[in-house]
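Every chain is named by a letter (A, B, C, D, E and F) in the order it is written, and numbering of its residues begins at 1.
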Amino acid sequence: MSKVVSFGEIMLRLSPEGNLRFGQATSFGATYGGGEFNVAVSLANYGINAEFVTRLPDNDIGTCALREMRKMNVESKNIVFGGERLGIYFLETGAGTRGSNVVYDRAHSSMATIEKGTIDWENVLKDAAWFHWSGITAAISQSAAEACLEAVKVAHKLGLTISCDLNYRSKLWQYGKAPCEVMPEILQYCNVILGDIDTAYFMLGKAKVNPNYQDEKTLPVLYTALFDLLLNLKTVATTLRYSVSASHQRIGGILFDGKAIYQGAVKEVTPVIDRVGSGDAFMGGLIYGLLEYPNNSQRALNFAVAACCLKHTIAGDYNLATLKEVENMADGDSAGLVSR
Amino acid sequence: MSKVVSFGEIMLRLSPEGNLRFGQATSFGATYGGGEFNVAVSLANYGINAEFVTRLPDNDIGTCALREMRKMNVESKNIVFGGERLGIYFLETGAGTRGSNVVYDRAHSSMATIEKGTIDWENVLKDAAWFHWSGITAAISQSAAEACLEAVKVAHKLGLTISCDLNYRSKLWQYGKAPCEVMPEILQYCNVILGDIDTAYFMLGKAKVNPNYQDEKTLPVLYTALFDLLLNLKTVATTLRYSVSASHQRIGGILFDGKAIYQGAVKEVTPVIDRVGSGDAFMGGLIYGLLEYPNNSQRALNFAVAACCLKHTIAGDYNLATLKEVENMADGDSAGLVSR
Amino acid sequence: MSKVVSFGEIMLRLSPEGNLRFGQATSFGATYGGGEFNVAVSLANYGINAEFVTRLPDNDIGTCALREMRKMNVESKNIVFGGERLGIYFLETGAGTRGSNVVYDRAHSSMATIEKGTIDWENVLKDAAWFHWSGITAAISQSAAEACLEAVKVAHKLGLTISCDLNYRSKLWQYGKAPCEVMPEILQYCNVILGDIDTAYFMLGKAKVNPNYQDEKTLPVLYTALFDLLLNLKTVATTLRYSVSASHQRIGGILFDGKAIYQGAVKEVTPVIDRVGSGDAFMGGLIYGLLEYPNNSQRALNFAVAACCLKHTIAGDYNLATLKEVENMADGDSAGLVSR
Amino acid sequence: MSKVVSFGEIMLRLSPEGNLRFGQATSFGATYGGGEFNVAVSLANYGINAEFVTRLPDNDIGTCALREMRKMNVESKNIVFGGERLGIYFLETGAGTRGSNVVYDRAHSSMATIEKGTIDWENVLKDAAWFHWSGITAAISQSAAEACLEAVKVAHKLGLTISCDLNYRSKLWQYGKAPCEVMPEILQYCNVILGDIDTAYFMLGKAKVNPNYQDEKTLPVLYTALFDLLLNLKTVATTLRYSVSASHQRIGGILFDGKAIYQGAVKEVTPVIDRVGSGDAFMGGLIYGLLEYPNNSQRALNFAVAACCLKHTIAGDYNLATLKEVENMADGDSAGLVSR
Amino acid sequence: MSKVVSFGEIMLRLSPEGNLRFGQATSFGATYGGGEFNVAVSLANYGINAEFVTRLPDNDIGTCALREMRKMNVESKNIVFGGERLGIYFLETGAGTRGSNVVYDRAHSSMATIEKGTIDWENVLKDAAWFHWSGITAAISQSAAEACLEAVKVAHKLGLTISCDLNYRSKLWQYGKAPCEVMPEILQYCNVILGDIDTAYFMLGKAKVNPNYQDEKTLPVLYTALFDLLLNLKTVATTLRYSVSASHQRIGGILFDGKAIYQGAVKEVTPVIDRVGSGDAFMGGLIYGLLEYPNNSQRALNFAVAACCLKHTIAGDYNLATLKEVENMADGDSAGLVSR
Amino acid sequence: MSKVVSFGEIMLRLSPEGNLRFGQATSFGATYGGGEFNVAVSLANYGINAEFVTRLPDNDIGTCALREMRKMNVESKNIVFGGERLGIYFLETGAGTRGSNVVYDRAHSSMATIEKGTIDWENVLKDAAWFHWSGITAAISQSAAEACLEAVKVAHKLGLTISCDLNYRSKLWQYGKAPCEVMPEILQYCNVILGDIDTAYFMLGKAKVNPNYQDEKTLPVLYTALFDLLLNLKTVATTLRYSVSASHQRIGGILFDGKAIYQGAVKEVTPVIDRVGSGDAFMGGLIYGLLEYPNNSQRALNFAVAACCLKHTIAGDYNLATLKEVENMADGDSAGLVSR
């Protein structure tokens, strides 16, 4: 089975119970997650041979993160230990008109202080078919961005498919460089990108265009501009999200494979149990879809959208929907019947 | 006050907190319930003299189930002890597009290994007015089905009203007989049946007809066919359920008394706190309605539909809505105002 | 900064977890709140110098309430200790068609047995700009009503703005007097009143008129009648609430300043996490709005409506929405996006 | 089977989790108990036909208490509804050198406002063999003391054995009478008393003597003085407790039957999970012992001491140790082996 | 690194919170464990390459058990899926004089219905150095005993060290055979046995001798008798346990290697957080000790005793003490200082 | 009332429930504490006017810490906002032979990056009588040590009593300087020091002497050597702690006032609920004792020892024992009786 290697950060996530605000909490639910790890878990759940590569502190909290990987059947043998601390983020879960609230405490983490040369990428990737990374790793520090570039170059050399979730977060990118100074060099090796058009344009130094995702005429033009800049690009996908409220989202998706546009039917997602990680669930579903249905972009997209929707019903960072559940929903079943 | 005796299984129900998936749970909420027990609790809540008859293991877990009965004011004096274990079912509560998930672990339970002759039905039923059972008991084992038939015969002989919730579950019926080999003999004594038309047809060996419950012309014909097969039948009712999602149901009901069709107004039920046991809440409401409003089938049906709706807002297997709450909702009040 | 003094009761609130019914609870969430205290917390959250005056029992439970005040940055230095007990109320949180249920256990509380002369109002109010009280205090006992009247007289003499939330609760007013025998004398000193028209009419001994809050023509007439009776009145506001279900409310508001009618846009509030205290959140928002935007009644009203809506998403009695969150929503943002 | 009727108060007990202090709690564990109810539960657990008589408020909290009785198999058919509120007590559980802390909030309870004539004692006691009450009921109000006297007179007339746990609490007895003005009249009908000698002397108006419970010579004299004052007295027992710390108690007991002194072996009780109600467990064990071993005072005492010890290991007000567990410990087994 | 394969059952363990009794629990803590699995976890924690072989039901509860194995870094690749259910046991945790209480619900489990031929032992054991099993597997069913014998024969043929924890439980062995009819044939291949002398004698059909473990003269004779019966035997060890109470144990150990007797110093273990699995912790420590210190039986024994002691301080079935913690305690450090 | 100002760090403390290990936790109890803050809380509890000065991040987690200060009635008006993050420490609570385990994550905190000049000490200390700091602040960073020195100089100039808890932690002091390069300059202004003799010697660059605290002859000599080095010193105290196990400590104390040695009676502390912060409780008790009993060093010491002992029974970082509880224990009462 083809192995997918994901590279990035896993954090401790601390969250008040239910919809309590930070100031009301006397305990924080403790889970572990992070964009690229979440993708690996999704793939492992679908039966893919998934590996996660990161740098962990050599303390009890790092060990907790490691056990979470093992529990979820994600290969961890190439993880490197070092650095001071596991990154943390605090999450307050909103409801209705009150949005969720994230407080990052991930600076100085073991992953943020990783450096080029820490990972033996030739060895790690030698039996892999796919390499996944995200814009977050490039955003947390100069050295992490360099480690990313190093990995992508090896992956490209070894002929792996390379995917990237652009994942732009304005609160990150604090180390003195703009995305457009860093990302183009790494993105040029990528074959699959998840992100909306304006984020991609911004990261590549192009002016924003405020695209209309319903307009199937202009979309190919806008996406094609990315193909012109990134010569290895084969697929671009965008998650479409309309937020009625923190508890009610409408989710769709769009995919362009260089030739045609594919639309995923928009689904009502209500109530939202936990929307954090739903983009990662889309990414995980997209990788699975492209691997499993290489000649059926519509099906691959439908699978990604269904995975994204189901993630909203599941607490924690990563998607625990099973392959069968995602397939059923990709087939159109969203009635939520009791299985007994 | 007329006594209603319900016969069936009470199980330990184990459920992850909130909407957690099984694999996320470090504890399971522990409650006790089961179709026929849930009916008895509903009736006790409405002020009916309700008794539950079952077989429990003589261990601490069986004692927990017994205490639950006592707590809910359900008479337990004729319960028999024996057998190996209390049946268990695991329930993962869904949300939105993700349905709830039940894992049964009820084989080899004390109730599944009950045998004809275990209960002294003449004594148990001598001062009762109504006997209730369900298709589940007939489904779990040959000997339980035989115990059911034995009970029904005595109840019939003593002139009790006999009701049955057909409750077809394809995962049960594993002991080598089809429903149509077992159910007709027991159903022939029944006066009141809850179930949809095709389930009844299937259990009686008739071909399915995929009825249109909006078509009030064909419905009497379809229901009447049941009266032709079951000579003691006086009332058939059907719960109408449309599942928008696991968190949003539309609930109605229909009743045929041999002469006329009655429709209960369809209600929006959202959010769904716990839909397990909502059919039992309908059954409990129906028995109460038929006892309390013997000449007002519409009111009886409205009461049953209201009980069913309210159950969806209550955690656990059985309905804890009070008589007054059900009556208010049967009267049309569903605004959910604060009572203070 | 102008100080606002609020006078009333703080209670221990005991509530089953989630949507459990009272009989299912093995523990009660313990929080502290009460209409007038909730107003003080709202104001402190918005940066106002807020003080709460009450009477607490001199025991560990009273100390818990005191710590809650301190935690929320509400000045407590003029609180008086004495009496037997902290008032309690039990709250069962409804869902969907099942409404929330309050059981009061506040009789004989330290606040209910407060007497005229207990508080040195001249001293308490000497550096304050605003005094707030509510109809609940007048309702719990004769002596508490007298203490209220005493405070209002001093506040009026010292030139403070005086506001009252009418807060009629039929279960209170058990001490032998009708509201119209007690309220007019206290209300005559008030400058700002929150309440619906018929409640105000009832408390002032006028016949109810069942007003149509959409009819902007008749409304000025109906409100003006209050100005004719209460000579110090400057502003009357009403919370508009339509209850789709316990989990879904539609919230608007209306304000009359003696000259013009202002309408706040109606908002969908779903799901409802906790609607208790949402009226107090409106009141707190209204005081803040009138203080902060003295010449912009529309903005003051919008702020109050937004505060009320956001409170529904927050557990506990008082509103923990921040100034920025309320302002954003008053500006029209209700998409509930993740802040990260 | 002989029926034992216990008369007194059942309260809601609110307790922070584990060893948290009141001010640290965001929830209170909610259980139900009270001295005389606890005795009834003990007896029901041992297979005795036990009934509890009290007065409950007709609200949801009263219903919770009623369900607790039913759950524990205590007969509740003669309970009377009325009054304002269920009594409450707050319990902070100590550890080591920090003692537990009780805050009473039981004034104005439905039981405190019971009056003579409320219970039809002739009917309640007509088929009973034993009546139990305690000094707490006489302490909470004049009218409750009168109701007690009324009950005791009927019990005496009908020939029941009457037992009393003296249970002196200085914080109660607030209604203007001293124990020695009230208790002698009620105690004169009693056959069995549990209490230490000085408490009994105090309640009977005698000077305290500070007895030495190791001195088996003077003890008969001191106990006999009680028999001289209370002509119906047959048995006096005293719980011996030495408190090493809140977590470590040494428990013994002593019994005088008018002729001889019996000593129960002192047991080490550590850790203490919950010592509240351990005196009630002694009382329940004593009644059972005297009923079951009428000619073996030593065995009756051993049973009571064992019950008291085991209660310390069980959370909540009442003793959940089984008959077999108490008997094993009375037989000398205290190794706490795993049963598997 | 030499691989150790352990074969047996993993169960779902359901336990009331803290020291609650079964009847007080509204939820059960859910963990996974079982004697032979616990041994594998201990070894994995010490850095040994540990594999667990069992049979799991192919349902969500079986998946939970599988994830637990993965989380603890126990190899699970040879696990077989099939059968009806995961075995369950209920555990009520005692305190002081009240012992813990186990209710087994493990009949009909997937492991109990395993059969000879289900596992391809040649393949599983081909790269292993050690095989571990226990008397529990031989006790649960005839077919499981046969599977055990099959495994042991292959292990013997391949030259693995074979260890057995005798683990006699009288409640098991219900399938019609006595231990002495089954165990001798399997034990004859064993090299290492953990158990007390009389259990070994009983399982081998010898009369009990009630040995004095302090008497170092007679002990070699008694142990040697086992070597005479079991020709492959090299090491016998016994856990010494004196139960002061459920919360206070004294733990030692003894080891005989065919030549000399070794005694482990007795340790005070108080408080006991969870004593279930402490014997398995001893077994895991013993295997590690024998592997790591092949020429130092005293050290091996000390390690086993220390592991057993530390397990008592850890909740759940298996030992989470780290290698360093066990070594420190084996070195004599038991002061429990804070590490900071 | 004289004001005491304490300066240092407040951290978020994250702790698994009960005695769970880090890897077993799915949530962390969240409390706030830190050595110098804990001292301030103790003093506020005893009725002292206590202020805490620190630097907090301007985010929601910093606000939580601020609310904790307010709740505990500690003045916070001079707190400064800035920096990246609130320091965190993870605490795993041991039991018996397993010690508690702390994982620090406090590097880069807002307090660690405080600089000289951040606080306007002249203003903060102008109306204070006492200034308290600890060796931890000097240990976390060069700039924090400089801020400490700055504060101490101002305090000395203004004539405040200055106290220091030496609090040596080898894991800190990572910024390139040894304690003896930093501490002497700050300590020279101190009047009261808490610490053992060898820690003081080490921080002052003297060789360790391994003192015998039972030897009252040599002790004055050893303590006097400190007075020779620190010319402002008036009182040195040492907490004596003997760790039987993590759950059982023996606590005493010793005080030297330049003239005489005072010994506090050693107390048994078992069970230990939470020993973190018990040294701070001693420090808080010592300051209170020296303020309240300026001429009674024995009483001051007894108060400190009693406070330390009681802290062990209280969860969280700081001491919640009341003044009355500490005084009772200082008077010799440690029986842990129920207060009711």
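One rule holds in what follows: contacts are C-beta pairs under 8 Å (C-beta built on N, C-alpha and C of every residue); 3 or more make two chains touch, one makes a residue touch a chain.
Here's who's who by UniProt: A, B, C, D, E, F = 2-dehydro-3-deoxygluconokinase.
Fair warning: this is a prediction, and the values are worked out from it, not measured in the lab.
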item	value
Steps needed, at fewest, to go from subunit B to subunit D via touching chains	1
Same vs different contact residues, subunit A with subunit B, by half of numbers used	different
Far-end chain from subunit F, centres as C-alpha averages	B
Averaged-CA centre spacing for the pair subunit F and subunit D, given as whole angstrom	45
Residue numbers of subunit C (touch at least two other chains)	18, 23, 26, 67, 101, 271
Complex contacts: residues of subunit D adjacent to subunit B	67-68, 70-73
Complex interface listing, subunit B residues touching subunit E	14, 17, 22-23, 25-31, 59-61, 63-64, 67, 84-86, 88, 90, 92, 101, 103, 105, 107-108
Contacting residues of subunit D [partner subunit F, same complex]	18-21, 23-24, 94-102, 104, 169, 171, 243-248, 271, 275-276
Footprint of subunit C on subunit B - complex, ascending	18, 267-273, 309-310, 312-316, 320-321, 325, 329, 334-340
